[in-house]
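I've put the structures underneath this note.
Below are two complexes that have subunit A in common, paired first with subunit B and then with subunit C.
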Partner chain A sequence: MSQNQTETIEEPTIESLEEDKSTSEESILEIGKQKISWQKIILMLFAGISVIVVILIFIFILVNGLKVIPEVGFIKFLFGTSWNPEADQYGILHGIIGTVMVVLIAMVVAVPISISCSIYMSEIAPQRIRKILKPSVEMLASIPSIVYGFFGLFILVPAVKFIFGLPTGENALSGGLILAIMVIPTIVSITDDAIRAVPSSFREASLALGATKWQTIRKVVLPAALSGITAAVILAFGRAIGETMAVLMVAGGASQIPKPFFNILVPVDPLTAIIARELGEAAQGDTQFHALFGIAIVLFLITFVVNLTGDLVIKRFTKKFKGA
Partner chain B sequence: MTDTLDENSPQTNDEQKLELGEQKTYSFKILDFDALDKRKRLVEPKKTQKIFFTMLASSAVFIFLLLITFVLILLINGSRGISFKLIFMKPGPEVDYGIRPAIIGTILLIIGAVGLALPLGLAAAIYLNEYAKGGILVNIINQGINNLAGVPSIVFGIFGYAFFVLALGIGKSLVAAWLTLACMILPTIIRTSQEALKTVPRDFREGSLALGATKWQTIRHVVLPAATPGISTGVILSLGRAAGETAAILFVGVATGIPAFTGFLSRFPAIPFELYSMAVSAPSSTRNIQWAIALILVVLVFGFNLSAILIRNKAEKQRI
Partner chain C sequence: MSFSRKRDRLVIILIILIPAAAVSSWFLAKSVNNVGETHYITIEGSNTVFKIIDTTYKAFAEYHPGVIISVTGSGTGSGITAIIDGQADIAMASRPFEDTEQIAANGSLNAVAFAKDAITIITHASANPLDLTIDVARAIFNGTISDWSDPLVASAGLTGEIQVVVRESGSGTRDAFNELVMGDSTQIEPGSQYVNDALQKSSNQLIKDGVAANSNYVGYIGLGYLDSTVKAVTIDGVAPTLANVLNDSYFIQRELFLITLGIPVGMVYEFINWSMSPEGQDLVLETGFINVAPTTDDIFT
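And then the complex of A and B:
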């Protein structure tokens, strides 16, 4: 290892003597001076392109999507109860309700299980069990959403249909359950990081006062890791909102508001599923096309706010323990 | 029961006193903690601990079993439909279902997408980490990249359709899919590369600069080699993510029932889309074939992830 490094360092030094003799004296002062080299310019250019891509995506979605406001009307678009492209009606309330429903079900199911699992994994489990659990969770995270959708469609949907005796198992409950499985790895791994970031001196102090291990976890470790755990839940929430293929295949896709609105056993149509199903049919430039972009803006904004909040919470959390 | 009640009543008085006069603090608090604990102690703390630990462990077991069940179902159902013909042949007179074109299509797709995103993302990461001097602009850029990483893939899909396919007039094609997927994995590549660059100790840079190397030479011959394991982990994970991605390529050129490669500007097949279109439209008699396709896709993605984990472990060992 160390031999390799000395070799690689030697090589450029000779090169630099041949290449730019005039600047070799100055190069020692490089750190302070930040001389502009062609490499820097190229890197800057590439970094610039990356930034432009980011801006482009934002602007392009905004430009296309904002057209829906004059065409449909802001209130009618966001809170309109009827989505029917043939009748020129573009209200996405049913989509918002659908998204909220599946995401809430997913979080209610996934949050307790995931947090318990990560507490076990980081505080209680012996090393060798942790060594099996952690990669398992990572494996679960890597399975493509289309495969989850496939499982949902042919395993979960029939099961839900059978258990509740429904005419169809494609409903908000199935969508929520499959989403729950998908967000478990996100919550587990971020919570695990948060719990492990709590300094061990906290635990030692509590144990030294005579508290049991569980009392230490419950009264010391968890309160200390709370903001990190919150961030885990927030980021998982953002992921669940943006999930497309699984909910497209499993949630049913009915363009109507469930009656009553908390009935989880009826088909729903989350926002992402609306885009995935209808973009192929929409003609460029017509209202439906713009309405789908409007949905994209809504998704973009929700995930933007959610991720920003999550990041800020995590940043505050890491700052808290930097001194400790 | 009466025992706990007896202990309970004086304690509440103490608590009230504590609230009234806050000057009596420390000794009280210890007493308070102890008695408070006893009051709640209908069961011994050790027993409570046992109950809760069992609950926590069972949720871990649940998640583990979830993965095992998942893999088992996939293996059992998939093995019924999998065959040499399915993987290595294209559909023709002798073979009803062959996904060779889809496999080649997916490989072409991910190589192109990562090939586009890697130079851009790596350069951006190097610039942001090594050259840029911080400040508001860099913070905004970092935050923007961070947020882009959380944007749903369907949003990239709709952007790719409107921008690359329609506005730039590339049409539904392999190139449009490359560009769309490249946009999607770009933030991930920038982020993971930045993380990898950050883990390279400052001493490495200072040592190289002290030997007279220029900044670029330091980056090229010292920093990048040290960060390579981290960067390649990120790249491999991106490959895996691109291979399984469906929503983002749904509208930018993916199609079924066509040969693997008919030109950069024509449509292409891919494994996830093959699975999707068969799942929603093919007759249920082909269900075993569909499971087999799901199995192949998962094996592919697991392969990428496994190699990423191995690289990471090896690098961690070397560092120690």
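And then the complex of A and C:
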């Protein structure tokens, strides 16, 4: 009651603010008091295009790939050990194992190298060395994957064959090594950004308390950058799982499950290579065609689960270190 | 930010003009296509047959100005799918069409055998000439014989474990090889499957490159791809040559087809007809395959 009586100054109301707006912007849509300008609509449209494209691709793959379940059977498809389209056998277990093997090798090799590289680049290297190092690593990312495939086929494969005395150098190890080279720039780039995003006050405080530079890096900077590093590793994981050209040329393409299961020196057939090699010859509408799209769904799901896990891990880490 | 009336008008004019320009240029392009004698032929299919058609279409286009031909080697299955879908006029095939494909085409697929291909088993160029029976060849590819020191293959003079290289599932070359050498094109029969660690490559060229670079590799390619970088294997004493395919003494051989939807008419008929003519069959020979109809030499001698 008393508040109303003391109100003498006219405060700007919502209506008067909107009046100012309408003289300076043309609006073509009015929803109640909300006016949306045509710029906003165009921007919304472009943003929506990417969402629509992803949804359409997903639907396209689903429509063609889900048909494999009635035609082949869910268990037989995912866990069948025999892939022989001529004989109506569409088991992709060897493909799943092939993908798992090359991706694991790639991550085991790439993660230590990349994180060490980013630590060096962002914390230790003098500015002039960093100026050369960072663009060089980023240039690795712009090399087309088919070029990596050629490099793998003509340089890496004969080397692996010679070093290990194998009948062929095209195996899970070669596939994993090429993938490692391909994901290193991804991890280095994002980890570098994450490390540089750690406020320098953190480092200064640590050094002021008497810690050495290495102790600071290990116990202060890296934990603070952990969510970014995790994001980098997850992204690299996704890239490694989906890489096609390089593993097609280098991993061997043998429809087998290695015996014993950890033997990385025999040819394997990652899921992406199966699709790339056989899609050209599969008759459209055929069961083989649907099976290949089924593999695409499996790849989609694996990447989705990996990204989801990564997001959860990042959230947990962020809570842990930024405080509840 | 303020907009003047002029700018409004400009925007509206653009919004109307751009789609109008697009639509009218589409009509224009369509009418240009129908002016004059311009024919389009789209040919898709087998990588093996591509090696022939890639040469013959150029010669054909010389005789028929105004014909624009596009040729793509995307795989036999792909090519047949393309003509059924109406995306292509002619399918190149390294195998006869299957029942499922004929059903998908409502019974209208029409195949013309215009050339023959022989599949040769190849070893590294440094090997001694190797002669195999079909049974021994099958034993190599299904892994029963796994080392070059085995008495049945020792005459090649190679050392180490045998590494088998084959084509991918769905390849016409693989189907023909499975049918003729492995004993079962569906590879269900025991002994007809490839050895577990056989490398699968997606083209003749890749197999040839692999065998040329590794002395312990063995693989198979179409005769048209044979060159001095690899050594061909003789079957029952018969070498994979032109003469031996024509006189039917070389065992691993098959027919190559041009397939259309229905009986070919117009320019498509002209092309297929020309491929069977002496000039066309000359080119089949030139590209390293085998003719099925007389060549110009045959007519004039």
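For this structure, a couple of remarks:
FYI, the second predicted complex is superposed on the first by the 254 of 324 C-alpha atoms of A that agree within 3 Å, B and C clash if a C-alpha of one lies under 4 Å from a C-alpha of the other, contacts with A are read in each partner's own complex, and residues count from 1 in each chain.
Just so it is clear, contacts are C-beta pairs under 8 Å (C-beta built on N, C-alpha and C of every residue); 3 or more make two chains touch, one makes a residue touch a chain.
Only a predicted model underlies this, so the values are computations on that prediction, with no experimental measurement involved.
By the touch criterion defined above, A:E170 lies against subunit C but remains apart from subunit B after alignment on the C-alpha atoms of chain A. In the superposed model, A:G280 lies in contact with both subunit B and subunit C. By the touch criterion defined above, A:A254 lies against subunit C but remains apart from subunit B after alignment on the C-alpha atoms of chain A.
In the superposed pair of complexes, A:P112 makes contact with subunit B only, with no contact to subunit C. With both structures placed on the common chain, the touch criterion links A:N84 to subunit C but leaves subunit B unconnected. By the touch criterion stated above, A:A208 is placed in contact with neither subunit B nor subunit C. Once the two structures are overlaid, the count of subunit A residues touched is higher for B than for its counterpart among subunit B and subunit C. Once the two complexes are overlaid on chain A, the subunit A residues touched by subunit B in the first and by subunit C in the second are 24, 276, 280, 284.
Of all residues in subunit B, only 37, 45-46, 48-49, 52-53, 55-57, 59-60, 62-64, 66-67, 70, 73-74, 119-121, 123-124, 126-128, 131-133, 141, 143-159, 161-163, 166-167, 183, 186-187, 190, 207-217, 219-222, 225, 237, 240, 243-247, 250-251, 272, 275-276, 279-280, 287, 290, 294, 297-298, 301-302, 304-305, 309, 318 touch subunit A in the complex they form. Looking at the complex, you find that subunit A touches subunit B at residues 1, 5, 8-9, 11-13, 15-16, 23-24, 27-28, 30-31, 34, 37, 39-40, 42-47, 49-51, 53-57, 60-61, 64, 112-114, 116-117, 119-121, 124-125, 132-133, 135-140, 142-147, 149-151, 153-155, 181, 184, 188, 212-215, 218, 235, 238-239, 241-245, 249, 272, 275-276, 279-280, 284, 292-293, 296, 299-300, 303-304, 306-308, 311. Residues 1-3, 8, 74-78, 80-81, 85, 98, 100-101, 104, 160-163, 168-171, 175, 178, 185-188, 193, 196-202, 213-214, 216-217 of subunit C are the ones that touch subunit A when the two sit in their complex.
Those residues of subunit A lying in contact with subunit C across their complex are 24-26, 83-87, 158, 161, 167-168, 170, 248, 252-256, 266-267, 269, 276-278, 280-286, 288.
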